[in-house]
Amino acid sequence: MAAESRFDVAGTPVFDGQTSRRGFRMNKLFMSLRFAENRERFGADEGAYCDQFGLTPEQRTAVLDRDWQAMIDLGGSIFYVYKLAMMDGRSMQYLGGVFTGMTEEEFVAAMRAGGRSGG
Amino acid sequence: MAAESRFDVAGTPVFDGQTSRRGFRMNKLFMSLRFAENRERFGADEGAYCDQFGLTPEQRTAVLDRDWQAMIDLGGSIFYVYKLAMMDGRSMQYLGGVFTGMTEEEFVAAMRAGGRSGG
Amino acid sequence: MAEVIWGLATSHVPSIGAAMDRGKTEDPNWKALFDGYRPAREWLAEHKPDVAIVIYNDHANGIDLDIVPTFGIGTADRYDVADEGFGRRPVPDVIGDPELSLHLLESLVDEGFDLTVFQELDVDHGFTVPLSVWTPDPGDSWPCPVVPLLVNVIQYPQPTAARCYALGQALGRAIASYGKDVKVGILGTGGMSHQLAGARAGFINAEFDRMFMEAIESDPAKLAALSREELIREAGSEGIEMIMWLIMRGAMNERVRKVHSHYFVPASNTAAGLALFDNRP
Amino acid sequence: MAEVIWGLATSHVPSIGAAMDRGKTEDPNWKALFDGYRPAREWLAEHKPDVAIVIYNDHANGIDLDIVPTFGIGTADRYDVADEGFGRRPVPDVIGDPELSLHLLESLVDEGFDLTVFQELDVDHGFTVPLSVWTPDPGDSWPCPVVPLLVNVIQYPQPTAARCYALGQALGRAIASYGKDVKVGILGTGGMSHQLAGARAGFINAEFDRMFMEAIESDPAKLAALSREELIREAGSEGIEMIMWLIMRGAMNERVRKVHSHYFVPASNTAAGLALFDNRP
């Protein structure tokens, strides 16, 4: 997924210009969720809301399925994706668990132990 | 009116940061006039439209009275002020006449003759 | 390695576009201007680039005064023609070249130019009039994809002329380091002398314009040394936008060959200038 | 002539603000962090500046991805605290200092830094958490007016570390040339090592962080030589935001005196660091 970026660091997505272009409409959707009225409209019909923002079918599926890894792969910026997670009551540690194949508790425990040391 | 700018060139307003701050809401109003629905709302009640954009009383009066020089003095950028002029069917040459104390015809004639040579 | 094949400096006065859109190019007030464009247009028609870069400023259409970038670059695959208030110009929307945009962005940021990235941008007369000067009858599409490079010339402090020239030189290096073997045309827009507001409205300085037209070819460093105050005094408060010509010039070789130039007063309130340079050795 | 009296480097992790807003600073998970802040806060309370500059990045709250400026400066007289999705932090809105902002803008643009001007800006945790680290109980207002300086650290290509350090040095000169005799505090925010997404999420590099904390005081030029790749590899994809510490450091004297520093893992997913420097000779 980091094929277009200038360098590769294992296990590390780099949010570069191509990625930002790919995720542009999806990230706009995430940013809109800052406002309560948009969260309500999203909640009332998630699919329609995705269509209104012009998401690709893959992005739409990733959002509806809460496939957090796919959202990142499809151009989501973690700061934007997190807006959706917050709406769902999910923490950044929960997302960290998803990205690393751990439960939230395991991820929190790893952080408390001083963090993870590498990929 | 160019008191805050870094240098003075006679007869030449410099649209600097202080000027832009002063004219911020008025210029926003002018920019909104790009859209037909806003032009209609403005036309229906110009004063209310000015209030909605938060113009100062002086700016409001300048807009309602089409006091083009005052709009510039109160922070208008000529490119933004021109949006209102266009709406009124006024040309940049008409405005040039206003700023220089000429009729539009006199101003156009001066331009055709090679332009004005200084202040 | 990409190559700049030509540079076109041209005014972007809205009334030039309006005269074309309304079929008035043979009118007595306009004929001399458009006749003066003809040799440049003919040469350009025979020297089609693969991609173009338009250096321009927006005039309260694509961007507002809440965010004023000194330099910006578009990275979109498409730029719509703005409705400036009374319908959009009847010209094609612009196809972008995101791959080139992102290459230029990375190269220029690496060189210490602090660009603002536009992923969405409507382009106004500052952009489309130069395209029309180049290509009067585009049909359904402009001759090639175009990358917009935006410059703040409206709100003081504008970038200095020296900074613009330096940006152009870095742009030239960025183009030279592009991985694709494409031919590039560069348009530097704006000017020449004019002033729209104030007691000095209508100011034209043909002598300064002729000096600028000459020096942009032979001695751009001299122009790069001009201060904002000198530019505004000599060329009028809006004439300062000629700093955008220096970005174009900086991206070209030290020596260029003038194909054609033309000077015309007035295009509405503005001295209209055109200068076309062949950049091939 | 204005004078930088101190520089505060600090993480801006949202959960630090949340812990304060929810009265959890004595909780076992948080007590060590806030205890570690105390000596810095006490010193800062005794050294109140007339104005502060906060160097930070926005996180999808004040600006969007349609326009991404490399460097931005606010020129407003007021910046509202953003609602990031679930209500705004219960802290005061920010009073700006447009006069200083415009002076810095002009000086920096003159020196060839291509800033984007923000006339309107809501500030998010990246801005307000450092203010809370400095002033835990602001009451109705922060200790002084604050000027925001924005940096793109989210979207590649970020400005290089070298460019950030150079901006800081120019910022120092701009402050020194200000016409008013005011005392200035500078906050460089972000970091330390962390990564939020990818298989390496949760990455912390305490060794690199300690090196960075040491070198920011004694050898900032060494840090300015780090490439984006080195920063991302060593500090994680979000750890690159430590380049903002270099802007603060560049604005200070070659020699500074460390008042206090503290390092704490983790503040949620992030290594939290604080370093306070006295800039007075």
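Per-chain residue numbering starts at 1, and chain names A, B, C and D are given in the order in which the chains are listed.
Keep in mind that, in the parts below, contacts are C-beta pairs under 8 Å (C-beta built on N, C-alpha and C of every residue); 3 or more make two chains touch, one makes a residue touch a chain.
To keep track of the chains, here are their UniProt names: C, D = Protocatechuate 4,5-dioxygenase subunit beta.
None of the values given here were measured: they were computed from a predicted structure.
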item: Pair sharing more residue contacts (C-beta pairs) when A-D is set against B-D; value: A-D
item: Between chain D and chain C, distance of the C-alpha-averaged centres to the nearest whole Å; value: 38
item: Chain centre separation in whole Å, for chain D relative to chain A (CA means); value: 25
item: Between chain C and chain A, distance of the C-alpha-averaged centres to the nearest whole Å; value: 40
item: Sequence positions of chain D contacting 2 or more other chains; value: 65-66, 68, 105-106, 117, 119-120, 155-157
item: Junction residues of chain B - those touching two or more other chains; value: 6, 16-17, 20, 24
item: Graph class of chain-chain contacts, one of line, ring, star, complete, other; value: other
item: Chain-to-chain touches, reported pairwise for every pair that qualifies; value: A-C, A-D, B-C, B-D, C-D
item: For the chain A and chain D complex, residues of the former touching the latter; value: 5-7, 9-17, 20, 24, 27-28, 30-31, 33-35, 72, 77-83, 86-87, 91-93, 95-96, 99-100, 107, 110-112, 114-119
item: Chain A contact footprint on chain C (complex, rising order); value: 75-77, 98, 101-102, 105-106, 117, 119-120
item: Chain A - residues contacting chain C, complex; value: 6, 16-18, 20-21, 24
item: Residues of chain C touching chain B in the complex; value: 29, 59-61, 64-66, 68, 82-86, 154-157, 193, 195-206, 228-229, 232-233, 236-238, 265-266, 268-269, 271
item: Chain D contact footprint on chain C (complex, rising order); value: 63, 65-72, 105-106, 109-110, 112-120, 155, 157-160, 162-163, 166
